[in-house]
Amino acid sequence: MLEVNHLQAGYDYLQVLWDVSLSVQPGEFVALIGPNGAGKTTTLRAIAGLIAPQAGTIAFEGRSIGGWPAHHIHRLGISFITEDLNLFEGMSVGDNLYLGAYSHRDSRHIRARLQMVYELFPILAERKRQLAGTLSGGERRMLAIGRGLMSQPKLLMIDEPSLGLAPKAVRSVFAALEALHRQGATILLVEQNVNQTLSLADRGYVMEHGRVALQGASAELLQHEYLKDTYLGAR
Amino acid sequence: MERKVTSPLLTARLWLSSLGLSPEILACILGLALVPAFVREAYIVRLLAVSLLFGALAMAFDFTGGFINAVNFGFAGFVGLGAYTSALITVRLGVNPWIGLIAAALVTGLVGMFTGALTLPLRGIYVSLMSWFVGMALMALANAMVDLTRGARGLIVPPLFESASTVTHLYFLLGLTVLLYIGLRLIIRSRVGLAFRAIGQNYDAARASGVNPTLYKVLNFTLSSAAAGLLGGYYGHFVGILTPDLMDTWHTMEVMALAYIGGAGSLLGGVFAAFLFIPLFDSLKSLMEYRLIIYGLSLVLIMIFYPAGLAGLYQVVKTKLEFRKRKP
Amino acid sequence: MDLAMLQNFFDLNADVIQVALTGTLRGGLYALMAVGLALVFGVMNICHFAHGEFYVIGAYAAYFAHVVFGLDPILSIASAAMLSFLAGAVAEKIFFLPLRRRSKNEWVINAFLLTAGLSVALQSLFKLIWGVRYRGITQYWKTTFEVLPGMAVAADRIVALGIALGAIFLLWLFLQKTRLGRAIRAVSQDERGAMLVGIDLDQIYMLTFALGSMLAGLGGASLLSLTPAYPFAGNKPLISSWFVVTIVGLGNVSGAVLGGFIVGIFESVAYFALGQGWQDVASLGMLILLLLFKPTGLFGTQIKSVWER
């Protein structure tokens, strides 16, 4: 479904990604892990169209989407939930969710999606009139994920959903991701928490210095000596 | 090893370039100074004098806009304040116009200082708004105090020089502009100028690294306004009649357009723009009608396509030429 | 003597009512213009200095529609609004879109300078095309309303106030209740977030600028009998609406409505108390003091982020 080949990208004169290749098949839960500054976020930004690739290709469902504007890519069915969420803080929870379905005009469909999001995160239904800026950290994460789901994306990309959350909130976010995956959603997840992530994901890619250093099925990766030494052993 | 051989010519050249007077600039000054020797028409001489005056104004404007990155949108108000100060002192108190000029610089500098202090809690675009309001308030005052300024009927201002020759004006303005350029440039090249740029580029970072934005902002506004006031005072005596209309915002726009077309942060860019545009408009009378359209559109186009302005273009051409010279 | 005092009292009261009424009627226009300014600043970060020129476009359009083509008043005003909407959309596409493509940093100052240049250019263009002649009408509707016993106000002024309030209300509904309106608000809050839910920023910017211009054009059209169309007619409303957005805080759309009436009434009081010349001095003095003590405006909005941009 998603094919990234030899991607290079960066910011102005700073190149961050040197050679990133990865793929995601329909229904898969893929994890992208690696140390801080490896370029995970940059990879997601390039796929989502927030930055333009300098070289390499990005294809989604067979179409080359490298360099397309972000709103276009979103309409193809890719939802990107950023690290800093980019919520509309001065608007209600309900408005945020409605905007998630901006590219859909069928109101029946939108109501069904809303129902689905409220079932996944009941707390959002309770708070639907509240301003997004007044939510707690965990609720904000859920709202961002909920907003990302409103458009019924084919691929959900999530950047460090556990960042800055209390353990309890992390657990509920991960439980929601697991539930989504079971319902058949395709997910590309970026995380630093290697153990927990790989126990959920089908496959994983390990990034270092703008390159994919290691890849494989989650179970294999968890057994990998190098990974054990550098990430798992340290914990 | 000490090098003993220093030719006096080289010393002079180094000294001049430390004042910002490169050979090209010196040639321009010399060229202007020689014009009256060859050109008899007072009309042309006057045109050059007017261009110099506007160029100098653009330079004073750029000192704020191009360096601390705060557009003084009430600039014309300050120019007008200087003009009225000098004119009123001369007309109402019978003081020598030269003292009037100095008073113009002092009073306007003071109001500039006051404006700089007013805008202290403000940043970015709010500084422009505040100075705009101050400029408009000055114009409103000039309009309201009819007894003093005669309002729209116009105030007759005595001339500076006994002889009415425009050549005198040209030389005086040339000297004034060169001195202003040297002075402003010395400040820009000093640590003060470094602080100006730091504030202009990133206010918070500048403050964090120990630059006191308060001091420098007020200093900048004071100096720029004093220059505007001095030139405004001169303008009054030069044209001989003043109306509050001089302080209107569209006059700010005219100077602003010259400064930005010339290139923000280049000081001299505005002077060159003035010499390009003002004679052009004047020589082609049919263009006069389109003057403001051309100014306005040029400002728009410069902003969109070439924010570096004429100065930027000059740099590019110069580098290219030097590169080519070195090649063979 | 008692009678004289009573007479005085009534005169004074009549004056107060007159001043309040003039201020309110004027305030409607300022609110309308200021809402446009606030919208354009809040969504696009443009300090719009050419807003007055769209007021003028509206005024000319209404004049030609009503006088030359003989359309009825409402149709004339509506077509003027439509034309200024289109003019705004075109201006956005021609000027601000390329500027956005080219300059990311220094956007606020560059955009402001661009509007300044645009204002000068448009004013002179109007002058070139239509000369400095005043093009006005005596009245759209040839009646007066007796708002209070003995106090008649031209129907035009009442209708203009109604149009202003109606347009602001419709805009509010549009922003709150519709898909595109929500998208405009979303863009004003988080551009990246907006892009990531599939909003086409260029489209929203164009719509916003067009809407803002339409409000200005509506003002110029509906007040044609009071201030005729001429090239520089936009200056006064521009300055006053800038007063408004400054006192309520840049980008504060709802505050701009209230602020419009505050400034309208203040100006009318100052005019009554001080006369033509000093009224401007008083308004500007008040504004400077206000900026000095409350730099973020009366209702202090969160504008810190846009200061530096």
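Should a chain be cited, it is by its letter among A, B and C, assigned in written order, with residues numbered from 1 in that chain.
Heads up, the rule we're going with is that a residue touches a chain if its C-beta (ideal position, glycine included) is under 8 Å from a C-beta of that chain, and two chains touch if they have at least 3 such contacts.
In this text, all values refer to a predicted model and were calculated from it rather than measured experimentally.
Two chains share more touching C-beta pairs than any other pair, namely B-C. Averaging the CA coordinates per chain and comparing them to the mean over all protein CA atoms picks out C as nearest.
Averaging C-alpha coordinates per chain places the centre of chain A 44 Å away from that of chain C. Averaged C-alpha coordinates put the centre of chain B at 33 Å from the centre of chain C. Put simply, the C-alpha centre of chain A and that of chain B have 54 angstrom between them.
In chain C, no residue touches at least two other chains.
Residue ranges on chain A touching chain C, taken from their complex, read 48-50, 69-71, 74-75, 79-80, 82, 85-91, 95, 98-100, 102-103, 105, 147, 150-151.
On the chain C side of its complex with chain B, the touching residues are 47, 95, 98-99, 102-103, 106, 108-114, 116-125, 128, 239, 242, 246, 250, 277-278, 280-281, 284-285, 287-288, 291-292, 295, 306-309. Note for the complex: chain C touches chain A at residues 179, 182-183, 185-186, 189-190, 192-201.
Only residues 69, 71, 73, 118, 121-126, 128-130, 133-134, 136-137, 140-141, 143-144, 146, 203-204, 250, 253, 256-257, 260, 289-293, 295-300, 303-305, 307 of chain B touch chain C when the two sit together in their complex.
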